[in-house]
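The two complexes that follow have chain A in common; it is paired with chain B in the first and with chain C in the second.
Right after this comes the complex of A and B.
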């Protein structure tokens, strides 16, 4: 492909800043729901190739199994997916915070996964949309897998895309062994639209 | 004048569309009293809008797990974000018949649901809209696939 999309340093900073604001809102909501302090890291913004994508996923995994849901969003020429990857070791702690009684079976864990996904995905997607003045449509979340290794999660073998803009956010909760990653993945053509939108933000 | 007529026309269209669309729409207030009940809900439940409106959702539909539902809905009220539930969590929220009572194999309608916050003019989230989707066909396909996979591994 000849005209690969590019990100300038300024554009990358701008996406990072937009994400910072959005995830701040997401963390605030999660904190209100759970009554805990959520530690906010600096989001990672990268244009990644299809093969790097697998490596990124692999690096998130560590050596435990994970559960993951993804949710599509679309609006104003921008489309992507929010991928929430949850470390299975976090479930016991999350159950305490979310007040899920009893033994944790696969079903209870799915409920918690969905609860957290609703809050984090919703707040992040809405937060980014608000700043770009877009009211995104969100599809229903899809479970990619429970208790599996990341390699099993997805097989990006269909080369319908070459590169994606990935925004990676790692949420941790203070004093609790809770760790989850939110990956916001934007399609190539969305990045063109978004670059145009943020150019208005960068002017002032 | 013609613009006004246009708007009037449009709101009539919207009403028709809301009534006819093959998706369930229910508006609930903070006490889970039903405020809006569209055609889909009426036809599948057999409860008329005049019977539904003003009633508490949990009184009318005992099949809804009140604690579970409130847990999801309170987050929508509190955080002003959408909440999604999928049929893998609970096959259905309302126990409706399958849309294909003769040829279909499913016993009931599998449902996905979305709850969206509705804000008052003062900006408070004082109502939510519950949207019910029929996902029976997709779920049955998925179940068939899983069963086939299971049988295959059992044989091997």
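Right after this comes the complex of A and C.
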């Protein structure tokens, strides 16, 4: 299968631009929730193999522990997962911004993680859907792990797929030590469908 | 009179979308730049009337581009076109001298209204 999906430069550019708009909408929601300014990066769009993916993740987070939430989305023959990975160091800062008093217990952290995941994943997925004219349904967010290493996170999931399109967005928040990565992973079949959809956007 | 327009965006698709969203009856000479540095070089080499400027770009982003335009007092009207719709982003670019903010994806009718509002395009319906 892996020789079937490909991404031309124009297609990559198109996904990047669509993501750019969607993540702007997501950042706006997060900025309003936390009362901060979210620094927007240039998103990375790549076709990757599972091994490369692991390396990408490891390089993202260094040696710090992370907490992660994933959320599936599906619509019009397109399916994928949004994976939000938080550097654990970010929690105390987010708690401060959301006015949680004192030290966080695990339940409060979980609640916060879910809140932020709902805002970022939801807005981003819907933003991409709107531009492609797809009404995505989202599953309930699922905690993949709390305070674990990236390796632990990936271990149970590693054999489900070989190659995928990954869109990677690194959000940082200005003047605060908050850092998270949103990865949107699409199945191979979805990429074939999406390439057809974006060809309408790229038409002259 | 033909208006000289520069569209600066790192995305080829975004440049095309922007160019297509310009009013059909507006006599323009459209040029393109892929990042802020290219835009600055072009503005210095030949004068432009209007710059449509993206914010998130490699090499030189939109904020830095606005700063250079202001510091060097380059005579051009800048309209920022971005997906970064945070209120703070809009405030910042206006402080840096952009005359207005247009959110992506661009809408032809909105572009027209903005151009009329700032007297860049004359509203033929009211003449």
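Convention: the second predicted complex is superposed on the first by the 195 of 204 C-alpha atoms of A that agree within 3 Å, B and C clash if a C-alpha of one lies under 4 Å from a C-alpha of the other, contacts with A are read in each partner's own complex, and residues count from 1 in each chain.
The rule is simple: contacts are C-beta pairs under 8 Å (C-beta built on N, C-alpha and C of every residue); 3 or more make two chains touch, one makes a residue touch a chain.
All values reported here derive from a predicted model rather than from experimental measurement.
S.K.: After lining up the shared chain so the two structures overlap, which partner does A:65 touch, if you call chain B first and chain C second: first, second, both or neither?
M.R.: neither
S.K.: Touch test for A:172: chain B only (first), chain C only (second), both, or neither?
M.R.: Neither chain B nor chain C is touched by A:172.
S.K.: Touch check for A:56: first (chain B), second (chain C), both, or neither?
M.R.: neither
S.K.: Have a look at where A:44 lands relative to chain B and chain C in the superposition and call it first, second, both or neither.
M.R.: neither
S.K.: In the overlay, answer first, second, both or neither for which of chain B and chain C A:201 touches.
M.R.: Only chain C is touched by A:201; chain B is not.
S.K.: Give one of first, second, both or neither to describe whether A:16 is in contact with chain B, with chain C, with both, or with none.
M.R.: After superposing on A, A:16 lies in contact with chain C but is clear of chain B.
S.K.: Is A:138 contacted by the first partner chain B, the second partner chain C, both or neither?
M.R.: first
S.K.: For chain A, which residues belong to both interfaces, chain B and chain C?
M.R.: Dual-contact residues (chain A): none.
S.K.: Any idea which chain B residues touch chain A in the complex?
M.R.: 71-72, 75, 78-79, 81-86, 88-89, 112, 114, 133
S.K.: What does chain C use to touch chain A in their complex?
M.R.: 10-14, 16, 55-58, 82-89, 104-105
S.K.: In their complex, what parts of chain A are in touch with chain C?
M.R.: 10, 13-14, 16-17, 20-25, 27-28, 31, 37-38, 40-42, 131, 201-202, 204
S.K.: Which positions of chain A touch chain B when the two form their complex?
M.R.: Touch list, chain A to chain B: 29, 32-33, 71, 107, 110-111, 114-115, 118-119, 122-123, 126, 138, 140-143.
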